[in-house]
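Okay, so chain A shows up in both of these, paired with chain B first and chain C after.
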Partner chain A sequence: MNQNLFASFNMPMILGIPLVALFILFPTMLIMPSNNLNNNRSSSIQQWLIQLMLKQMMTNHTIKGRTWSLMLLTLITFITLNNLLGVMPYAFTPTTQLSLNLGMAIPLWMATVLMGLRFKTKATLAHLLPQGTPIPLIPMLIIIETISLFIQPVALAVRLTANITAGHLLMHLLGDTTLILLSTYLSSSVITVIVIILLITLELGVALIQAYVFTLLVSLYLHNNS
Partner chain B sequence: MAGPEAEEQFQFTGIKKYFNSHTLTGRRNCVLATYGSIALIILYFKLRPKKTPAVKAT
Partner chain C sequence: MRQDTGRCGQKVHMLQSIIKNVWVSMKLYYTQVYQDIWVEMGMMTLIVYIIQSADKRSKVLKAPVPAHGHP
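Right after this comes the complex of A and B.
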């Protein structure tokens, strides 16, 4: 049973060939760009959602920060679609893999830091010391702020991984419990089925929220450095 | 957050003009001084001669 619990987090393979590229590229097939001025309903809804996200995220950015619009929109769309597709039963969720999330978090964070060091060197260095710090605390606080800076990408990646993984594990556990209770206590299995339905609703919300939080934090780091 | 206009109210003299936690320049210099000190400490421990124990007579 333990093996079955974590089996959904293993990379799907066919004849020893990992299918990770297929799973990561699949969500892109759901977004169909169109050259028409008046599109069908599906494309219109996608465009409306993208415009909504664009206005919400990029309004407070400078001109330099707005050059990241395409990157951030792609990021939020990618993570949202991956998370939502993973809520389906027996689906593999790429965002449960820490390697993928670190692969997204570290380059984006490092790009914001390097951008800050390149274009606003004085301000970026000065931000490592909070204003008004008492003199005896200055060296310690600089070291603490440096450590918190380097923890940012790790926190980004681990937050997404842990939230999605925890939800999927809970759904598995409750599913197994329901199956066992079906043959013994039928009334208790009804309760677990109701809990699973509520949990799936929660997981849909977590999928959207975690994608938004990831992108919002990257946007915040960009805003601080641009 | 305090901007450049708030720095004008701080008129420091002496070493505090360059190393303080109120102006942007002061904060930057404190950060650079801290990083420089850490680098010097690491360099000192790496480059100091290691004491070799006396060889026993056979």
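Right after this comes the complex of A and C.
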């Protein structure tokens, strides 16, 4: 049993060596690439899911934007697998760490902005001023749009961190409550067990949705800049 | 034919398989498509380094100063 509520968010260590690389690389072992045309069931399901995600995300992109297909597919697969593996009890979820999420969000966002400035400079700078703005408001609005541009990667990272962390905290709290209630009020513990089951279902949904939202927003920034 | 299975041979073999499996298939991505991402990864590394060195400097400044005459 965890000693405190936040023990599961600490980086697991063996002999003082952090296992962060192991946890980040572990989901890649679950994806099985194959060179066959006809595969077994699990590989076929994986291929079908990848085709579904590709069609969903990349249909509206230009040719330049579609060069990022591999990156965006990898991103959604990585975040989904990490989130789903973290729903298991006592599992460490790398996506609860703000450092990892900022490490994903900032390079991807800035790369899209750089791409826009490099290939479509006028259009990218024009995005800083909405159409039809009254002239006296122009300086103020440019400042506001620039601030909103720089907040995008922070919002991306914090959204993912906060959602996953909040869900895990709730599960821990309810789990501890159930354990305490088991020895005192058994009937109330039945209610908390039902709530935990519902919460785990919600957490599974949140894990998938947050991965999709993260990738969709990066794809949107790419679309705006390509 | 004598097979070089010593440490050096294993490392060369590993490098060859990395080049064949990773670099050859991903060369276009790493050199053309992800140019902006490499630049931003470099900038982020610089930002992390600046923040870490500032943190170390502030910790050194906050550390208690030893009394005069004591090491």
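Keep this in mind: the second predicted complex is superposed on the first by the 223 of 226 C-alpha atoms of A that agree within 3 Å, B and C clash if a C-alpha of one lies under 4 Å from a C-alpha of the other, contacts with A are read in each partner's own complex, and residues count from 1 in each chain.
Criterion: a residue touches a chain if its C-beta (ideal position, glycine included) is under 8 Å from a C-beta of that chain, and two chains touch if they have at least 3 such contacts.
In this text, all values refer to a predicted model and were calculated from it rather than measured experimentally.
S.K.: Using the superposition on chain A, tell me whether chain B and chain C clash or fit.
M.R.: Here the two partners, once superposed via chain A, fit next to each other without clashing.
S.K.: Contact-wise, after the overlay, does A:204 reach chain B, chain C, both or neither (first, second, both, neither)?
M.R.: Neither chain B nor chain C is touched by A:204.
S.K.: Give one of first, second, both or neither to describe whether A:106 is in contact with chain B, with chain C, with both, or with none.
M.R.: Only chain C is touched by A:106; chain B is not.
S.K.: With the two structures laid over each other on chain A, which partner does A:133 touch: chain B (first), chain C (second), both, or neither?
M.R.: first
S.K.: Using the superposition on chain A described above, determine whether A:142 touches chain B (first), chain C (second), both, or neither.
M.R.: The answer is first: A:142 touches chain B but not chain C.
S.K.: Between the C-alpha centres of chain B and chain C, what angle is subtended at chain A's, in steps of 10°?
M.R.: So the C-alpha centres give an angle of 80 degrees.
S.K.: Once chain A of both complexes is superposed, is A:114 in touch with chain B (first), chain C (second), both, or neither?
M.R.: second
S.K.: Report for A:122: first if it touches chain B alone, second if chain C alone, otherwise both or neither.
M.R.: In the superposition, A:122 touches chain B alone.
S.K.: After superposing the two complexes, find the smallest distance in angstrom between C-alpha atoms of chain B and C-alpha atoms of chain C.
M.R.: Superposition on chain A places chain B and chain C at a least C-alpha distance of 22 Å.
S.K.: Where on chain A do chain B and chain C both make contact?
M.R.: none
S.K.: Spell out the residues on chain A that touch chain B in their complex, using ranges where they run on.
M.R.: 122-123, 125-135, 138-139, 142-143
S.K.: Please output the residues of chain B touching chain A within their complex, sorted ascending.
M.R.: 2, 21-22, 24-25, 27-28, 30-32, 34-35, 37
S.K.: Okay, in this complex, where on chain A does chain C touch?
M.R.: Against chain C, chain A makes touches at 67-68, 70-71, 103, 106-108, 110-112, 114-115, 118.
S.K.: For the complex, which residues does chain C have touching chain A?
M.R.: 29, 32-34, 36-37, 39-41, 43-44
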